[in-house]
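One chain, chain A, appears in both complexes that follow, with chain B as partner in the first and chain C in the second.
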Partner chain A sequence: MSKNIIELHGISKSYDGQMILDDINLTVRDGEFLTLLGPSGCGKTTLLRMLAGLEKPSSGKILIDGRDAAGLDPQERHVNTVFQSYALFPHMTVFNNVAFGLRCDGVDEEAVKTRVTEMLRMVRLTGYENRKPAALSGGQQQRVAIARAVVKEPIVLLLDEPLSSLDYRLRKNMQIELKELQRKLGIAFVFVTHDQEEALSMSDTIVVLQQGKVVQQGTPREIYENPTDISVATFIGESNIFDLVIEEANESELKITVESISYTVRNPAHFKTGDKIHLLIRPEDTRVYHRSEIETTEGLFQATVTQVIYKGTTVDLILKLPDGKRLSATEFFDEDNGEDVTYTIGETVWISWPLGWEVVLPYET
Partner chain B sequence: MKRSFKFIYMLLIYCFLYIPIAALIGYSFNNTEYSMLWQGFTTNWYRDVLHDSNLWVAVWHSFYLAIAASSTALLIGTLAAVSLCRYEFRGKSLLRGLLFVIILTPDIVLGIALLILFSLGSLALGFWSLYFAHVTFCIPFVVVIVLTRAKGIDPNIFAAASDLGANEIQLFWRIIVPMLLPAILSSALLCFALSFDDIVISYFVSGPGFEILPIKIFSMARLGVSPKLNTLCSLLFFMTFIIVCFSHWFTQRRKA
Partner chain C sequence: MKPKLHYFSVGLIATWLGVFGLLSFLLMVVISFLQQDPDHIALPYFTFQNYIDLLDPMFLKIFIKSFYVAIIVTGGCLILGYPFAYILSRLPEKLQNISLLLLLLPFWTSSVVRSYAMMSLLKTKGLLNTLLLSMGIIHQPLQILFTPTAVGIGLIYNLLPFMILPIYVNLERFDIALIEAARDLGAKWTTVFRKVIIPLSMPGIVGGATLVFLPSMTLFFISDLLGGAKSLLLGNLIENQFLMANNWPRGAATSVLLTLIMGAGLLMYWKRTKNKEAEHEAFL
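== the complex of A and B ==
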């Protein structure tokens, strides 16, 4: 088990009486890729700036590498940041930008040259040493910003939505590059984003923040498959949500009715008879059948196709239930069992989901 | 039709702006002492001006007064602008408001106020009184110009610098000053110009021992506008023209 590189104990922050962060407890382990995920205004950037030493917590304690960070200035923390706007020094060349941190520490010029050259090679910017940031593309500026922070050999690299201003394709490439870089460097990354897809694809651990609180922490898979909270479930990925009342419950099973059809599902968290719940089914778990594909409609409910969205690898369907409720479903092309994924608008289809793949959450308004 | 109208319109504007100066330059070659009538071409007045040592003493005084006052104002003003931009403190907006008050205050008020102050402090009128007066009216211009530029800088750049280990002194010299350099240079030019041709305030706070050019010209003009004065003013205009061309060339070259 690797050691904890950062520990937050009961961190709170308020501005003018307004609570930005409320009792945050968090650990970052050495070499881990941890993502702070949340909508804008949830306090994730404030939390990051605290780790960088640019803000002070109103209460609570931050330990960086076992030392209390309260008395440490930004320059003493061995934590470096990649800013959202990159914040490159526009009057300096790429080389001088990357060398800045080392020169501030009084590293001798010989070593500066070796380390900066090595770093620029790592982010594939060799040959760009004498350019000014303004003469670089967005992706290149991004890499300078990373190089500038990483050349200081921090124990943790903080990244504040570093990919948000790049276009889709570049963002995808940078995600892979960042992940590779992190593996190569072997240091912990604390990554801030509001993009759930980015969080899922890059992180070892995701911390979901909402309104200044940690609502869930876990691996991407845990967060996606077992959200503990309806807000997490709706924030991460799409879901079809049914608001239901449990008709009968014991310790292991629940009886519920979805669209006038009775189902028995497992009881994940001691729900009792009469409890109100959200039943969650992910679009990719929603199975859609033509009448011809099934022998009996028992245990399935009916819906009408209202939209067909062809996405290349999948077909997304928007469905309408008889009571007017909308569902979405994602069907994969599966050439082996010859499932028919051609749908026409207005067509009646039959819906089910693999029992056990649903998520049951306590009802929240 | 439309294009020729545009052209004529622009021509009129530039005529309006430059005819007085053209007349000034023209008359500096007039071969007469006082008459406004054209009496023939001469370069005698230029020779006269170049050999008038009294005049050159005044030019020299004005020159080093302007250099001294604007560099002091630059130093104080830049530091003030940086602190107004970088730090939060009480009364910050009041302080900024007060700067604009100084800029908008009529010169005559400032002149009398300074005169009263100097006589209360029994400071003899001369170089030092002029110096303090010029520093006073230059500072607000420096602060306003530099502050505008400083506020345009992404605050994350400062955060990034301290994140990378820069202390306040390194931050100031390696990041802030280079990034503010264009604003600092242009306010330097403005201060020099303001100081070099200030007459209203200088009139109140100058003394007989230290004569500066604007006051000298002013007193010469009271005896009537001689071609000698025209010559002097033409020379000043050429000087300005060269400086403007040079600074234009300089900024163009920096961009390239």
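== the complex of A and C ==
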């Protein structure tokens, strides 16, 4: 595997006695797309600003490309940032914005012209050189901000929620563009976002931050399919959660009862008899059947449809269990299967999930 | 705001400015083209004589001197005021409010009174000389009072807030992210100032300079009190013509000329910024 380009060792930060970041250990590998994901106020932006050199940690050590970054000012690190508000210089043209960093480094004008022109071509802004940022659309400003940072050929590009102010469609396009750009450049991206969908679709590695702590780190798939923590599970994607007590446990299996039906599921983490757990079932793993579709209702529990949301590629259902608990389910149109995905509000349906697709987590209040 | 109240408020200000600003200025323009007469404000005969009189070398000398003083004072206010405004704008909000209050506190007394106070500070046996003598920094009392230096000090002291406030207002809204972006891109602090902060606070600087430049030529009582009888600035000249010589048309012509020069200066700045937006500006 490629080498570590950034290493954080025991990074903490507090303001006025309030802990913003608590003992963060993290590595960013060369060429990796790493996302810091968390709700606002979790410290992800502070962490990014530390990498940029705009904030100093209260304790801990940051290594950038093997060098201790403690004494390095922002301009001495080979790290550049795309700011959330873009922070384009309003009094300069697009060309001069992109050229700014090169000119600061004393690159000669001839080379500046070549590199800026090449960069603008790369972000498809050729012809906009003499415009002021105010005369550009949000997406174009975004691309100038990226060009301005990337033209300096950093070893890591930091992106602070760069897509948050774009509309949905543009955001989707920029996600793909960013990902392509990252592949083309081959440099590491550290991307900050609170949008879990964005994180899942773009990242090689996701680091979930909550209240200043890393709660889980892994590939998007690991994070989504095997959350290690109920807070990660609820933050990333939707889930149906049942709070249960284990009736019987051995090293490999657990006996539980969901809605008066007994199930035997895998024991993923040495749970013992009597342990309180959360049982998680993702809406897309929740199977919904009409009575006519099944021969027996054995191993299935009953629910009432309270809402049907047609989404085009899927149908989302809100269901109510007899005890009043709400459940959501996502059903895919599957014409080959001939499965009936027409539901009416108020009708009774039968619920199950493929055993083994559930997630069992220790109970937390 | 309700439209009615809106119109009333805008209307009131427009009327006020119209009557006391525009109308009185137009009156000045009209009077400046009339013939002077010691016994009347003016005689209703059209003439260019008042403007031709301004070509008098005596007048030109005062004019150039006033200009020189105004440039020094404006420059002085800028050098003192800009860092002050910058620091002020970066303070925590609570401290900002206190500092602003302290800045404006002296304005609760009339500037004539403050100029007298300035006299007692600067005079031969005044506080400043006593202090410097007792500290052994100087051995002879400095003759500051009744020199152009005293006028300069008095003007800068009186006009400094007018420089600080517009720059402060501008810098207070300044997007910190721009400074961070510049630092992130490798700019040294000096570059950040030269290329980002100063160009973007130019409207504040121009606003402040406009507020300082004209008064520093025309605040006649300061040069009267601190400069002594020999210090004659444009303001004193205008005052003399209106009140002593009872030569309203000539006083009016002087005022109008001053306004035109200021107007031309602002127009030039405005044109220049417009051109700059269009052209491809050089970095260094």
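We take it that the second predicted complex is superposed on the first by the 365 of 365 C-alpha atoms of A that agree within 3 Å, B and C clash if a C-alpha of one lies under 4 Å from a C-alpha of the other, contacts with A are read in each partner's own complex, and residues count from 1 in each chain.
We take it that contacts are C-beta pairs under 8 Å (C-beta built on N, C-alpha and C of every residue); 3 or more make two chains touch, one makes a residue touch a chain.
Not measured: the values here are computed from a predicted model.
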Inset, instruction - Using the superposition on chain A, decide if chain B and chain C clash or fit. - result: clash
Inset, instruction - Check whether A:P162 is in contact with chain B, with chain C, with both or with neither, and answer first, second, both or neither. - result: neither
Inset, instruction - Please indicate which partner A:N130 is in contact with in the superposed arrangement: first for chain B, second for chain C, both, or neither. - result: second
Inset, instruction - Considering only touches as defined above, state whether A:T81 meets chain B (first), chain C (second), both or neither. - result: both
Inset, instruction - Please work out whether A:A149 is in contact with chain B alone, chain C alone, both, or neither, and reply first, second, both or neither. - result: both
Inset, instruction - Report for A:P283: first if it touches chain B alone, second if chain C alone, otherwise both or neither. - result: neither
Inset, instruction - Decide which partner touches more residues of chain A, taking chain B and chain C as the two options. - result: C
Inset, instruction - Have a look at where A:A99 lands relative to chain B and chain C in the superposition and call it first, second, both or neither. - result: second
Inset, instruction - Determine, under the contact definition given at the top, whether A:G237 touches first (chain B), second (chain C), both, or neither. - result: neither
Inset, instruction - Using the superposition on A, tell me which residues of chain A are in contact with chain B and, in the other complex, with chain C. - result: 52-54, 73-75, 80-81, 83-85, 87-92, 100-101, 104-105, 148-149, 152
Inset, instruction - Enumerate the contact residues on chain B facing chain A in the complex. - result: 154, 156-157, 159-167, 170, 174-175, 178-179, 181
Inset, instruction - Under the touch definition given earlier, write down the residues of chain A that touch chain B in their complex. - result: 49, 52-54, 73-75, 80-81, 83-85, 87-92, 100-101, 104-105, 148-149, 152
Legend entry - In the complex with chain A, residue positions of chain C that touch it: 175, 177-178, 180-188, 191, 195-196, 199-200, 277, 280-281, 283
Legend entry - Partner chain C, residues of chain A touching it in the complex: 52-54, 73-75, 79-81, 83-85, 87-93, 95-96, 99-101, 103-105, 130, 132, 148-149, 152
